[in-house]
C-alpha cells in the first residue's frame, strides 16, 4: 500500500472538515478550544468526575496510580516505587495469605458450603485487588483516550449539563459506600451479640474473632492481636468487594452519559424536516467514537466486571440456600434478611446501570424512524443499520453482554433455584394454620396461643 | 438550530399533504371531520369502548378518574377530593393493613409456602390498587393521545367495523368477570362445606373465617364482625386481581385492533401492481404512530403488566406444588382442579391477547413480500425493514417482551417444574394396577373390590 | 381503490411474462402443458405420492376423504354420508369412551404417573382422530392449492426426479409402519409372557387383558369379548399414534422437496456470470409461492404437529422416568429398551424431517453469496434479504418453529432431566466393582462368583 | 441453460482479473507462483503444519493415510492394504470387544453411574477411531482443497508470519499430549497406590488390573497377560480421547489463522480514505473462500466435534457428581481434583479455540464501520451485510454452533447442575466451625484439637 501518507493526510483533512461542520451547526458553542489547559473548572470530563472516588480507593490499596486529582489525564502516572503501590502490594499479599489459610482449612475438613463461602470471599477480593492493580497500569492511557473522545464530541453548553455526570457519580458512590459500611457494622453487631452469649467461650472478643475467622485460628493459637489483624484485612476485603461493584457502576454512568449527550442532540431534530446529510455523517462518527470507547473500556475492565457479577451471583445463591435454615436468634434473622436485600439491591444496581449503556445506544433508532421521506438518505440508512445491528454493551470477557435481557434471565434462574430449594424443604404439606385440617394440637397452639 | 419554526411549518405542511393524499385515495370516506364533536354515537374509539368497564372498576376502588363515560377524552379529570378517590384510598389502606398482618404472621411462625400465599395475595393486590391509582393520574393524557392517533388514522367506513373492538372488549370483560365470580363462589362453598364439618370449632361461621383469614385472628380475638370485614376486603382484593388481568387484555385488544385496521388496508392491495410510493409513505407514518402509541401505553401500564404476569405465575407454581398433595375431601379436589384450570386459562388469555399485538405488527411483511418488481422502491424497503427489525410489543418494564415465544418458554418451564415435582412425590414405583406385578393385597383391593 | 380490475389484468400479464421468461430459459422443457389431464403417469405431484398411504389410514378411521387415488385433486370430496366417515366417527366415539374410563379410573384412585400414561395415550389418540377428521374437511382445497403451486413451478425434466419424492415417502412409510407394528407385537409378546406367569390370575388371557386395560375392568366385570374389543381399539389407537408422526414426516418431505427443486436450479447457476435480473425475479416468485404453501399447510396441520410433538415428548419423559426402575423380568428389560430407542428414533425422525424444510429454505443464501459484482442487483438483494430474514418452517401453532435448533434444545432438556433422575436414584456411591474399595462381601460376589 | 460454457469462461476471466488486481495492490509480493513445486520450505500451509502430529496419531491407529509428510497434499493417499490401515483396524476391533464386555457387564448387574463411565469411555473412543478412519478417506481431497484456497489468498510476505500457525499448532499439541500423559501417569500411580493397600487381594498387580478393568475380569479368569493387554488398549483409548480434542483445536487454529490473515490486511486500511471498490470485491471473495472452506471442513469433521464435545461434557458431569463423595485416601482426593481441573481446562480450550473462528470472522465489521462516507459503496455494504448476517463457525452436526455464547450457556448449565448437587448433599446445615453455634463436641474437636 503506497497510498498511506497521502491517505492519512486526507483523512485528517476530513476529520477537520467534520469539526468545521459541527462548529457551524453549533455556532453558539464558542467554548475553550482543545489545546487550552488553563480554565479546567467544571469541564465535565469523566477524569474529573472520578478523581475523589479513586483517592478513597487508594486508601484501601486499590488503583495505585498517581495524579488522579490532576488537571489533565496526561499527568497520570503508574509508578512502582511509591507508597500507594507498596500499600497495594502489602494488602494483596496479606489477603493472599488469608486465602491460602482458607484453602488449607477446607482441604483438611469436610467440604461444606459454609466453608466455601470463606474461601470464595477471600479469593474473589484477592482477585479484585490484583485486577485493580493491573488496571492501574492501563489507567493513564485509558483516561487520555477517554478525554480525547470527550473533547472530540460536541461540547455541552451549560454548566448544569457538565456537572450532571459528576453529580450522579458522587451520589451513587456515597449511597453505596455508606450502605456497605452500615451493612458491615450491622454484621459486626450481630456477631458481637452472638459472641457475648457464647456458651463455650467466655471471653466475648475471643468468641467473636474465633467465629469470624475460623480459617486463621485453626492453625495459629488465639491472640487478640492476630484477631485484630484479621479484622483489619477483613475490612479491606469488604471494601474491595463493594468498590468493585461501585466501579462498574461508575464506568457505566460515564459511558452512558456520552450516549445521552449524543441522543439529546438527535432528539432535538426528531421529526424535523430538512436535516442535512452532513449532520448524520457527523453524528455517526461521534457515535462510532463512543462505541470505540466502550470497546476499549470493556477490554480494560473485563476482569473486574466478571469478578463483580460472578461474586454477587455466588453470594446470592449461598444466601438463598441459607434462607430456609433456622436462624439461632432473631438478631441473626433480621441481619440475614437485611443483608440479602442489600446484596440483591446492589447486584440489581450494577446490572441495570451497566445495561443502561446498551439502552442508551439503541435510542437513536427512534429518531431514524421519524426521519421524513425527503431526508431519508444513504447516510441515515447506514447510521440506522449500524445502531440496529450492533450490540453495544459492556461484556463479561465477551462471554455475555450486560443488557436488560441478561438481568431477566439471571433473575429467572435465581427464582427457579429458590423454588426448587423451597420444594426440598417442604416436608409437612398439611398446613398448620387451618384449624379444621391440621392436627389438633398444632392448631390449638397457634390459634389459641 | 435556527431552522426550528420554519421546519415545524414545513413538517405540518407535509402532514397535511399526507392527509390529502389519503383522502384522495379513500375518496369514498367522506366521514365526519376531526373537529366536529356532535355526532359521537359509535365512533369506534378505545375511549368509548372502555367507559363502562372503568365504571365497574371504580366501584371496587380502581382507577378513580372522572369523566370515563364522557363524550370526549378531554373531559377526563383526576381529582383528589372526590368520592371515588377517597374510596380507592380507603381500600388501599385496608388491604395494606391486611398485608402487614400477613407479614407479621409469617415472621412469627415457621416459613411455609402456604403462608407465603396469603402474604403474596394481599401484597400483589395492594400493588394493583396502588398502580391503578398511579395510572389514574396519567389516564386523561393517555386517552387524549390515544384518541388523537385514532382520529389521525384513516377512518373506518362501516358501523360494523367501528363497533367490533367495543363488542370484543365487552364480551371478554363479561366472560372474565363472571367466571372470576363463579370461581370465588365455588371457593366459598367449598370453604363453608369444610367449616361445617370442622372437628375442632363448632360454629361453622367462625370455623370458616378462622380458616380463611388466619393472619387476622392470630392477633385479634375472633368476632363475626371482624370476619365479615375481612371477607369484604377479600372480595375487593379478588376483584383487583381479576381486573388487573382483564385490564391488560383490554389494552391489548385496543392496540391490536389499530394494527388490524392498517393491515386490512394493506392486504387489500396485496399482490396488486401500480401502487404509488405515496401510499407506502402514508401507511408507514400510520404504522409509526401506532408503534408510538404502543410505546406510550407500555410505559404507562408497565407495572400493571408486571404484577399481572408475576402474580399469575406465582399462583400457578403454588397450585402445581399442591397438585400432588392429598386433598381432605372430594369437594376440595374438585375445587382445586377447577381453580387451577381457570387460573391457567386466564393466564393464557392474558399472554395470548398481549402477544397478539406483536403478531399483528408483523403481518405487513406478507404484503411487502408480494410487492411486484416494478413497485419495489426505497419507501417499501424502509417500511419493510422497520417492520422486520423492530419488535413491537407490550413489555414487562422492558425486561421481557410479551410475544408468543415468551408464552412457550414460560409453559415449558412450568411443565419441567411439574415433572420435577412429580418425580419428587414418586415413591412407590411398582404400579398397583397390574395384578401380576403388584403386591397381592393392593391388587385385589382394586381389581375385585 | 378504483384501479382494481386494471391492476389484476396487469398482474396476470406479469405472471404470464414470468412464465414466458421461464420457458425461454428452460427451453428444453417441452413438457405436457398445465391443461392436459390425460397422461398422468408419474407427474411427480404430492397428491399422487400420498394416495396409497391415505388409503391405509382410512382403514383405521383416519382422514375420511374420497378420491385420494383419483387422477386430479379436484376430484377429492369430503362426504358426511360415507362408509369411511362413519368408520371414523365410530372409532372416535369408542376411543372417547376409553378416555372417559381412564379419567374415571384416575379420579377414583391415587394419582400416579403410570396411570396418567393410560389416560394420555387414549386422550392424545382421540385428539389425533378428531384432528384428522377436521383436516379431512380442509384436505380437498389444500391439495388443489398444492397441485396448483406444483404446476406453477418449473417442471422437472426427468422421470427419475419426478418419482424421487414419491419413492422417499413410500420408503419412510414402510419403515415406520412396519417398525411400529413390530414394536407393538413385541409389547404383546412380553405382556403375554408376563401374563402366563401371573401369580394371582390363572387364566393367562384374562391376566393379559386385566393388566393391559385396567381402566376397563375396574368398572366392567371381566369377559373375553370385552378384552378383545379393548385390544382392537388399542390397535386403532396405536396406529393413530404412529400415523400422526408419519403424516408430519410425509408433509415435511413434500414441502422440502419443493425447495430442493428450486435450489437445484439455483445451484446450477452458482458462481456463474451474466445471470439476467429476470431470472432472480422469477425464482423469487417461485420461492415466495412455496413459502406461501408452507404457511397454508402449517395452518391446516398445526394441531396434528402439536399432538405429535407433545405426545412423543411426554412418552419419552415417562420412559426415562421408568428407565431406572427395576424391571420384573429380562423380557421386560429388553422390551423396555427397544421400545425407548424406537420412540426416541421416531421422534428424532419427525423433528429432523420437519427441520429439513427450514434447512432447505436457507440454502439459496449460498448462491447469493457467490453472485459476481456485475450481476449484483436490487432483485438479488431483495431475494437475499427475504431468504435471510424470514424463518420458513412448520410450527407448533406458531408457538415454536420446527428447526434444527429446536431439536438440540429439546434433546438438551431431556438429557438434563435424565441426569437429575439418575442423581435421585443414586444412593450407594461406594462402587461395588472395585474389590479394594467396596465392602468385601459384595466385591467377592462379583469378582469370584 | 445454453450459456454455461461461455459463462464459465467469463467467470474464470473475472477471477483472473481479481488475481491481477491483487497483484497490483500487493506489488511487493513477488512470491513463488502457484505452479512451482520446488522450494517448499516454510510455505506456511496447514498441510505442512499438521504433518508431524498426524504421524504421531498414526502410531496409535488414528488417521491411517499415506503421505502426510509429503511436499504437496496431492501426494496424500488412503490405501486399504497398508500397515497403518491394518493397525487402525486391529485397534478398532479390540476396543469394540472391550465395549461389548462393558455392555455385557452393565446389563448383568445393577445400572450405576460408575459402570456407565466404563462403557461410555470405551464406546466414545471406539467412535473416535471409527470417525478418524472415515475422515482418513476424505482427508486427501480435503487437504487439496484447503491448499488450493491457501494459495488463492494473498501470500504472506515474511517467514515469521508463515511459520506462526505451524508454531502455534506445535505448541498446543505438545502441551496437550504431555499434560494428557502426565494425567494418565498420575492416575496409574494413584491406582497402584490403592492396589498396594488392597485389603482383599494380596498381589498388587492383580489388584490394580482387577480394579481398573472390571468389565474384563468379570468374564475371563484373571491373568497378568490379559491385564497387560487391557492396559495397552486402555492407553490407546486414552490417546484417542486426547487426540480428538487436540484435533478439533488444530483444525480451529488452521481456520482462524486464515481469517486473521484477511483481517490483518483489512485493519491496515481501517479509517483510511480513498480505498477502491476493487479492493472490497477482492477481499469479499477471499472471505467467501474461507467461509466455504469452513463449511467443507465442518462437514468432514462434524462427527469428531460432536464426539469431543459430548464426551467431555459427559465426563465433567460425572466428575462433578463424584466431587461431593468421600474419597478413600488423600491420594485419591488429590488426583480427583487435578483430573477434574485438567478435564475442564481441556474442554474450555477446545471450546474457546473453536469459538475463535467465529470471533475472527466477525472482526471485519469494525473496519466497515470506519469506512468514510465517500468510500461507502454497494460493495462495502454487501460485504458488511454478509459478515454481519452469516454465522461462520464449526458446528456439532449443524445442531449447535461453536461460539463464545455456547461456552457460556454450557458453563451456566454445569454450574447450576453442581449447585443442585451440593444442595442434595447438604444435610447438616448447622455449621461446625462456629464454636458458639455448633454442637459443643464438634466445635471443641476443631478448635482445640
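Each chain carries a letter (A, B, C and D) given by its place in the written order, and its residues are counted from 1.
Going forward, a contact is a pair of C-beta atoms (placed from the backbone, for glycine too) under 8 Å apart; a residue touches a chain by one contact, two chains touch by 3 or more.
Nothing here was measured: the structure is a model prediction, and the numbers come from that model.
When the CA atoms of chain B are superposed on chain C, the rotation angle comes to 90 degrees (nearest 5). The pairing of chain A with chain B is characterised as different-residue: of all residue numbers used at this interface, under half are used by both copies. Rounded to whole angstrom units, the spacing between the C-alpha centres of chain A and chain D is 36.
Centre to centre, using the average C-alpha position, chain B and chain D are separated by 51 Å.
Each of the following residues of chain A touches two or more other chains: 420.
Taken pair by pair, the chains that touch are A-B, A-D, B-C, C-D. Interface residues of chain C, counted against chain D in their complex, comprise 25, 27, 268-269, 271-274, 324, 333, 359, 365, 369-370, 372-373, 376, 381, 388, 404-405, 407-408, 411-412, 416, 419-420, 422-423, 426, 429, 431-437, 440, 443-444, 446-447. Within the complex, the chain B residues that touch chain A are 1, 3-4, 6-8, 10-11, 14, 109-115, 194-195, 197-201, 207, 210-211, 214, 217-218, 281, 288, 291, 317, 321-322, 325, 328, 378-379, 382, 386, 389-390, 398-400, 413, 417, 420-421, 424.
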